[in-house]
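This report concerns only the one structure given below.
Letters A, B, C and D name the chains as they come in the text, with residue numbers starting at 1 for each one.
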Amino acid sequence: MLTIGVDIGGTKIAAGVVDPAGQILDKVKYPTPSDDPAALAEVVAKAVDELRARRGAVEAVGVGVAGFVDEDRATVQVAVNLGLREEPLRDRVRERVGLPVVIENDANAAAWAEARFGAGRGSDHIVCVTLGTGIGGGLVIGGTLHRGRYGVAAEIGHYRMVPNGRRCACGNHGCWEQYASGRALVAEGQDRARTDPRAAERMLKLADGVVEQVQGHVITQAALEGDPAALECFAAVGEWAGLGLADLAAILDPECFVLGGGVSDAGAIILEPVRASFARHVPGRPNRRLADVRLAELGGEAGIVGAGDLARH
Amino acid sequence: MLTIGVDIGGTKIAAGVVDPAGQILDKVKYPTPSDDPAALAEVVAKAVDELRARRGAVEAVGVGVAGFVDEDRATVQVAVNLGLREEPLRDRVRERVGLPVVIENDANAAAWAEARFGAGRGSDHIVCVTLGTGIGGGLVIGGTLHRGRYGVAAEIGHYRMVPNGRRCACGNHGCWEQYASGRALVAEGQDRARTDPRAAERMLKLADGVVEQVQGHVITQAALEGDPAALECFAAVGEWAGLGLADLAAILDPECFVLGGGVSDAGAIILEPVRASFARHVPGRPNRRLADVRLAELGGEAGIVGAGDLARH
Amino acid sequence: MLTIGVDIGGTKIAAGVVDPAGQILDKVKYPTPSDDPAALAEVVAKAVDELRARRGAVEAVGVGVAGFVDEDRATVQVAVNLGLREEPLRDRVRERVGLPVVIENDANAAAWAEARFGAGRGSDHIVCVTLGTGIGGGLVIGGTLHRGRYGVAAEIGHYRMVPNGRRCACGNHGCWEQYASGRALVAEGQDRARTDPRAAERMLKLADGVVEQVQGHVITQAALEGDPAALECFAAVGEWAGLGLADLAAILDPECFVLGGGVSDAGAIILEPVRASFARHVPGRPNRRLADVRLAELGGEAGIVGAGDLARH
Amino acid sequence: MLTIGVDIGGTKIAAGVVDPAGQILDKVKYPTPSDDPAALAEVVAKAVDELRARRGAVEAVGVGVAGFVDEDRATVQVAVNLGLREEPLRDRVRERVGLPVVIENDANAAAWAEARFGAGRGSDHIVCVTLGTGIGGGLVIGGTLHRGRYGVAAEIGHYRMVPNGRRCACGNHGCWEQYASGRALVAEGQDRARTDPRAAERMLKLADGVVEQVQGHVITQAALEGDPAALECFAAVGEWAGLGLADLAAILDPECFVLGGGVSDAGAIILEPVRASFARHVPGRPNRRLADVRLAELGGEAGIVGAGDLARH
């Protein structure tokens, strides 16, 4: 049977019809209405209606959203970027579409997609790490998505990497995502552009000479061209990312790590330093088998696929 | 049906008949033979024989051992303190006793006992933290003991708390157990005794004036008497312990933490600073429900109970 | 003979006639003209004229300014808050007033005043630490103000306290002033108000319930009333401040530290935790004599007195 | 006039006749008597006698010793390696030789020699950093050796680099010398040899396959041959060393740093990473002039030359 997966992002809502093999058969997109929970549910319903009109019967709807989702997969407790708080999104959508609905954390949904149909397929113990603006995560343990007791497991971007470290928007200091995310990569690049413009010449050129325009795509392009300063930025971020994987391996002993998110678009340029750092820092060497570190395979559609598939189970 | 649980420690081997309610019906103890794997299996078998002679039929045998156990629960990959390496302990014991046998990591076995019959009963998501000489751990996730892909999950004492921090015997720097274990408590106490003997007067008195004799029981006794310097030692260790729980909550979102091991014998004196530090440092506050932090209930027998119960399932 | 000391701040310019005993005999104030170096020199000259008109002959003029001053005490290399860059302030003022003029870093000037006439008098080796919004410093070594080879010594607020620590406006991470300044105190207070409003009740009350209004004077007042949460904020900042003094003592072995700046207005409430932390962390204990830690005595006038006195020598 | 400089080391006592140009005209050596202060003074006197017999009249004697020397340059407060405590070494030697005698900290003596006749000549503001087994230091400020108020300035190896960092023999944690000394270099090398023997193949070969024999000379030789693993060891140590120089520059603003000690025998292999790290981390860039970082020039004789020259002034 088919299901519909919905991925609610800060700027757009993407929905797709997902088959049992994880294929998206059809897809629609709408802009995200801002700060209006009722309108949000309405747009989700409209997307579902449209897809059903085009593709016929579906069994259930899964909705991925960036925020804390409660353990019943019904209520969005907090979604800062969408302005949601204690929002009964499941019931709102269910009333409107008349189908079973589940709400999922978006990083969990994407992780599930990678585990079932992407880089993690065949493994029962998987840690997905999304190196986006911040760091998101999803844990598959014993073949099951691990949501935690209260629905908020896998907030791995906010475990503490450095005591008394860099301030994080979450209120704590030293969170992992301050060191190993896309934002951290940009901070590295801009820092070099500011304090050593000669070494950062290529990045600055690609940024029209403006330090603030040294963004992720600029650093990635320069690195792909072989620019040493840009490669150093990835090496620094990869070192911190690998340190985090080492900690997660000490705690969880997974079979593989799947790296996704914008930073992972750089491919081997980020994968190699992450692997090297992980191997050097993981405790228990050489008496343990090392988890594999792989790039995600499903790209931006993982959220739709995962939400759709989780609605089925 | 009854099973037998065996707890192989560095100095003694304790075995007991365990009933389905987690009660130990009978118990024997032998000294641990040193550096002789064959003798070790023989002593385990002798203990099993004796208990069967006294108590009649048992279904299976579970053996807890401090070391890396492979995912088949058959081979001890490394157990430094027992001098074992790639030791096929399950088959050795099974041949001798003619019963189903499973080998378990001892901290996992103890965690399982607390989860089923102790401080964690009723919860499906539990993190057990053993504050002994070092730090051991056990994870119960979705009601199941989480061993990891290769059997070495929950080595939580060796996740990195401080980059470039204190050197650990494992070869890494900054491992959690360098800050929040019994050894860390002793380091705190001796440090105070050495650099500020006046403030540490009570601890030194209990240690016959010898800094090196400021050991865990001395610090605990002084703290129970209300000695400020000893209480500061527990506060420092509790602060670091709580920081670790905050990280584990960010990753796993458990329902409760169970604190065991020698340090936890101090009761509220360690529990309160751990709870306060945990509450202050956990990310996601105040938008998340806090996991409960509790003291273990089964004491030193948790290993026997857990090993016995795991053999049953 | 008399001199004139001038203290150029971000909002006002204060000038005074200083006698050889460090007394201010007369004083004037003007608002600081913004982003106009010529106007700035003009206002300084006007203040000098006015004081000479009232008090008669003076020997020389010393001008303190918050910024990097070159080793000739002639040029302000950078003064971010005043919008100055490679500004020949000495010559501008000298042309206008026809007297010998020296430019000094303002923290150096204040340190010199404390060394000669304030808390440091009688000592030849003094480290002044100004716990203001950030941290400024001044070193008196062998009875002489130590300006360094290029005029920028004693930038003690920017030595690194925590590798990979909190980001600083200077571009580095982990600078001391991110942990032990007035800004750090406010961050502590607001953090508590945000994550534990019950404990921070008194501070919030004094701040009309608005987290952002938990500023230095609010925390200080609550602490003076004995509020535990506010005292904890000072204890945290004092701990970091003492760690810094310990490092400076390892390097410089001064006879005393003089603590000034707005944070020091709290008196014993900040002095005691700083002293305790310093004593516990300084290397070489118990084989070394501890430097004394004292509060500054001259308050906000130290800058005028120091600039005036340095013009004399 | 000539003087005699004496360098008391843990295994030998070296003395030399020093002329006003810093040349050693004649030299003698004796083994260091162990744990016998009287014998120690006697050997120093014997060395002085012998040199006077051979070279004629000398003006004064300067004695360098590894330990805390009081501000009167008379008493060795503590010299752990020599078993001295509150030892009136100046008077003991003076009585025996009938000449003016001064006692100096050995690192201070060596720093003075470099400042006057070695890599620092011509500069008035110099920080000497001795990267030996630990880290020693000497400060020349305003053309004068800075001993501090109580004679124990420039204990730069024990300023705190990492809060809660590696334990140091001094009792503190995170001292600079735990990261940037010869001992730290050896720890890096042995760590690699242990956890990644393939990458450390060349170092292990030079160490006859024994991890414990991967000592400083082995790592240096491999690095000079271009071995990547050995070069990484120097890069890691150089990174930490440069971080320390950045802090010292923030505090002292010297004209140059002089790097001596066994680690500096590797020349450019250590100098380049130190310089790069220093330039990247020093606060105030690009608005400040960078201190020069140079290798020491006088090698092992700096102690004799400096002690001799300091006796003259």
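Keep in mind that, in the parts below, contacts are C-beta pairs under 8 Å (C-beta built on N, C-alpha and C of every residue); 3 or more make two chains touch, one makes a residue touch a chain.
By chain, with names taken from UniProt: A, B, C, D = Glucokinase.
Only a predicted model underlies this, so the values are computations on that prediction, with no experimental measurement involved.
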Task = Please name the chain that ends up farthest from chain D (Glucokinase) once chain centres are defined by their CA atoms averaged.
result = A
Message = Under the over-half criterion for shared residue numbers, do copies chain A (Glucokinase) and chain B (Glucokinase) use the same patch or different patches to meet?
response = same
Inquiry  = Suppose each chain is reduced to the average of its Cα coordinates; what separation in Å results between chain A (Glucokinase) and chain C (Glucokinase)?
reply    = 46
Key: Inter-chain centre distance, chain A (Glucokinase) versus chain B (Glucokinase) - centres from mean C-alpha coordinates, in Å   = 34
Remark   = Cα centroid separation, chain B (Glucokinase) vs chain C (Glucokinase), in Å, comes to 51
Key: Sequence positions of chain C (Glucokinase) contacting 2 or more other chains   = 162-164, 171, 195, 285
Query = Contact residues on chain C (Glucokinase) for chain A (Glucokinase) in the complex?
reply = 162-167, 171, 173-174, 179, 187, 191, 194-195
Remark   = Touching chain D (Glucokinase) in the complex, chain C (Glucokinase) uses residues 68, 77-78, 123-125, 137, 139, 141-142, 144, 146-156, 158-163, 170-172, 175, 243, 246-248, 250-255, 281, 283-285, 287-289, 291
Query = Which residues of chain B (Glucokinase) touch chain C (Glucokinase) in the complex?
reply = 163-164, 195-196, 280, 285-286
